[in-house]
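There are two complexes below, and they share chain A, which is joined by chain B in the first and by chain C in the second.
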Partner chain A sequence: MNWDHYMEKRRKPLSEKGLREKISQILKEVDVVISWKMGFDPIHATPHFIRDEKEIEESVFNVFCVHNLTTYLPFMKEKVGIVVKGCDSRTLVQFIQEGLITRENLKIIGIPCSGVVDVKKIMEEIGESPVLQAEILDNSSLKIRTLDGEKFFQIDSVLAQKCKTCRYPTPLIYDHLIGEPIKSQIGWDKAYEDVTEFDKKTLEEKLSFWKKEFEKCIRCYACRNACPLCVCQDRCIAESRDPHFVSQKLELPEKFMFHFIHAIHLAGRCVECGECERACPMGIPVKMMKKKINYEMKQLFDYETGINVDDKPPMYTFKVEEEKIKEHEL
Partner chain B sequence: MSQENKRELKIIGFLCNWCSYGGADTAGVSRFKQPTDLRIVRVPCSGRVDPLFVVKALIGGADGVLVSGCHPRDCHYSDGNFYARRRLEMLKRLLPFLGIDPRRFRYTWVSASEGQRWQRVVTEFTKLIHELGPLHGEKEKAFE
Partner chain C sequence: MGRNGFLRKDRLEAYLNNLSKKGGLYVPKEEKGAIVFRKYSGVSELSLKKPATTPAKSIIYLQSETFFRFMFEKEGNGLDKVNVRIQENMDQEIRIIFGARPCDAKGFSVIDRVFIDTDTQDVYYKKRRENSYIATKSCDSPSSGCFCISVGGGPFDEEGSDAQFTEINGGYLIEAITEKGNIFLESELLEPGETYLEEKRKRKEEVERLVKEYCERVGKIEPLSPKLRLFSDEDFWKKHLSKCLSCGVCTYLCPTCYCFNITDEKTFYEGERIRSWDSCMFFHFTLEASGHNPRPDKFKRFRNRVGHKFMFYPERYSGQIACCGCGRCVRFCPVSVDIREIVLELMKSEEGGRE
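What follows is the complex of A and B.
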């Protein structure tokens, strides 16, 4: 595949000065601004809650800003300013569609994003050695200095999987946009190629694939906790005893059931931000099931999640005559 | 009854109280011969059927699941089966992605007066599940 359009845009570095100025401007109108700052080492970013002018200096935006910060919003009562990438902005649209947030209480700073890295891929290469410095050279490669020496990476080779098929690099909803909008050349078919390819396998192959993958699952629920659209919190039926969908046993049927719950509760809602997959400590491709449902939503209802605030999620509504659903006659 | 030479399989039926359950009753009262593999769960409306009920049944040991409600436009609660249709169709398309034969799950509409149609639905669905064979082994289940 060809990522030339990403390369082209990445040569224009984002001005963090512009971002900080904008944050300082909207901090006057809201109670808190959510952004990123450097985490415990230079290749990890961490969410940054800015309540004071002094904290603005710390905020950053670079290829390590992987988090979808919108995940905090449905539970925040105050007026919030938020920094979003293209993919994160779709979550905001979905929240508004479902009435989980009020647009008036929100100030959105959009950043056209040319992709973030998969930190796990970098960690695999550099091992346990502490990272001292990370530098982006020519906007196409990374220089990472650890205690054991220096390592170079092409950004494209460590790009997060979701960024390779990103269709909305520019936020779809924002009050302020920092930098030039980026257009994606990737069509819908291309973005769902992994799903259609996988679907061509036989039932036995698919079942054994998922058995192998779910075998790894430790049911830590990190995927659920990271998911911005999993908003049931303590009422999650995966942890409830009444109804008792999932038992405490750590066996395959329970794991299958849990992943079915997560996928089906996100039917027609998942915005494919990839947080579930990023949070998974076992490297299970948990996003695939949700992508498959989204693929079917497009086929059945011509609906794409998180695009238009006036849309209604397909499972929240119906048509008396469904054009695409055929009767399953015997 | 008719499957004497074969092991009886487990088929779970979720039937809506107002139409399909009545339809099954009509079939019974009229003494239509039906296979005995089906175990019926009565629900207030097909809209009550969470797709996860179907998944739970299939993972938990059922070989097939049948959901039946009122015909579209005939729902007792006016629109329950419209929601059900969308959800169940979504599930039917998701199942093969996980390697579960989508033919093991069927949703259909049977009204209270359609005893004969109910007999046909049950007989043909049971026949199909017998053709597909058991999903779970005698000792080991399919998802273990």
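What follows is the complex of A and C.
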């Protein structure tokens, strides 16, 4: 897939000073601001819940800020300020469409984003050796010093898969925007090339692909819990005892069942933030199933998730005569 | 250490082929983005470079296992008498684990205390543990998030291992630790190992220094006092765990977590009693039949996890903490929750609070 330089130019790292000033400003209006800070090593960022002016100093924004912070929102009762990238902002739009959050209780800081890295990919390249220092050089490369020595990466070569086909680098909804908007040149078809490519496989090939992938699943439910649109959470039918849909056995049918439930529940709701796949410790490409369903939703209903707050998700409504579903004519 | 032997690398395949004839041989294998323990099927898939994504725990303490099957049978034509027939399901397989890490093996001794060294033994786990042989590979360097030395382990720790092998001089020096470990030395492919002992001693010193240096950033982790005041401070837990997703990554990848659930999976006339791993991070873990849940939110659940590993367990088992420092919960947490940071802060508050 050729996706080189789809954005005009990789942006200079954001001035964190501007971000911190904005956080400081909205912290006066809300109870908590959710941002990022650096985690246990220099290539892992971690969500940062700011309740006190003193905690603002630690906020960062860089290529390691991979998390979609909106995932916490549907369960929070307080007034929240939140920092979002372009992709994350689509979740907010979807939340508002579904009535899962109250817009008035939310202050949004948007950041135009030219991509985040796939931390797993870096970890693999450095053989999981402890990282001592990470530095972003000339906006396009990374210098990572581990116990084994120094390694250089082009950021583009370790970019998260979703960023390579990002269509919305600039947040679609915000109260404050930090930095200049970025435009993407990626068309809809291009963004779904991986899906159409995979679809060319035979049914047997696809089945054996997924069998092999789901064999690894340990049913830790990280994919579900990281998913911002998986709002059943504690009431999930994968775990419920009554009704007892999915057995406690650790066999393929149970794993398939859970992942299909997850994917089907997200039909026309998944905003493709990729958190499910990122959270998976076993490296299962769970996002692809959801992308495939989104692809079908676009074909059937000409609908794309999380773009416009006034849209009605197709599964939230119905038409007596659907334009592209001709079951009445059978 | 007991007997030893040296295996040249070009003989590894033949050695493992022979070993796999003595029982089910389980080795770490690379499977597209993860390293998992699977039945040995050839040396080309063996992956010993870095610790496996999932620990060896699941080979002996299965994630899901059937205790027994049951059938209801009517006696005669009357409806008043139904018999229950039970069919036992005791696993008799000999299991040989080759290539776990010392921390994985140490994890088993944490579980042994609970399931075996007690008067209410878990016969299923015990049987499997008795029938298992573990050879660990000593580590070459620390991995991201490791902290074995901070919790009293080490890259050459012997606790829980039956044998240990060290990669040196284009081969492996294999040393027996327990009587059971001799199974790894009963091979004509091995050369005498004595001449390599000095080399191994040097390697051990070097790696231990490296790991120690890395663990020094963490420091020593000690059991927490039950009198700790900060432990009941809800704001402390909220500060650290607002970001927790409440998923099961940390517990399911942990070599020492052993909590489980029991379910009767049944149709009308028959069924199975299943024991499967459970995770204290899940809402359902403490959900009672009445609908009441004593740990309804993630702060309380995580506090229990920290308490169990660093306070309640050491209290019950003479100061041993239920953590082997493998670092998986740190390395694989989707939101980078760092349990070390939390425990250290609790320890620090304890020091400050002491008279």
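Keep this in mind: the second predicted complex is superposed on the first by the 316 of 330 C-alpha atoms of A that agree within 3 Å, B and C clash if a C-alpha of one lies under 4 Å from a C-alpha of the other, contacts with A are read in each partner's own complex, and residues count from 1 in each chain.
FYI, contacts are C-beta pairs under 8 Å (C-beta built on N, C-alpha and C of every residue); 3 or more make two chains touch, one makes a residue touch a chain.
Because the structure is a prediction, the values reported are computed rather than measured.
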Q.
Please determine, from the superposition on chain A, whether chain B and chain C clash or fit.
A. fit
Q: Check whether A:Ser157 is in contact with chain B, with chain C, with both or with neither, and answer first, second, both or neither.
A: neither
Q. Regarding the shared-chain residue A:Gln185, is it in contact with chain B (first), chain C (second), both, or neither?
A. neither
(Q) Per the contact definition in the header, classify A:Leu300: touching chain B only (first), chain C only (second), both, or neither. (A) first
(Q) Which partner chains sit in contact with A:Leu147 here, chain B, chain C, both or neither? Use first/second/both/neither. (A) second
Q.
Quick test of understanding: once the structures are aligned on A, what is the angle at the Cα centre of chain A formed with chain B and chain C, as a multiple of 10 degrees?
A. 90
Q. Given the touch rule stated above, what does A:Thr196 touch, chain B (first), chain C (second), both, or neither?
A. neither
(Q) Looking at A:Ala226, would you say it contacts chain B, chain C, both, or neither? Reply first, second, both or neither. (A) second
Q. In the superposed model, how near does chain B get to chain C, counting Cα atoms only, in Å?
A. 13
**Q.** Contacting residues of chain A [partner chain C, same complex]
**A.** 32, 39-41, 44-49, 67, 71-72, 120, 123-124, 127-131, 147-148, 212-213, 215-216, 218-222, 224-226, 233-234, 239, 241, 244, 247-250, 275, 278-279, 281-284
(Q) Help me check something: in the complex, which residues belonging to chain C touch chain A? (A) 31-34, 36, 49-51, 53-54, 62-64, 141-146, 210, 214, 239, 242-243, 245-249, 251-253, 261, 263, 265, 274, 276, 279, 282-284, 330-332, 334-338, 340-341
Q. For chain A, which residues are in contact with chain B within the complex?
A. 195, 198-199, 203-211, 237, 245, 251-253, 256-257, 260-261, 263-264, 267-268, 288-289, 292-293, 296-297, 300-301, 314-315, 318-320, 322, 325, 327-330
Q: Name, in rising order, each residue of chain B that touches chain A in their complex.
A: 51-52, 55-56, 59-60, 72-73, 79, 82-83, 85-87, 89-94, 96-101, 106-108, 120-121, 124-125, 128, 141-144
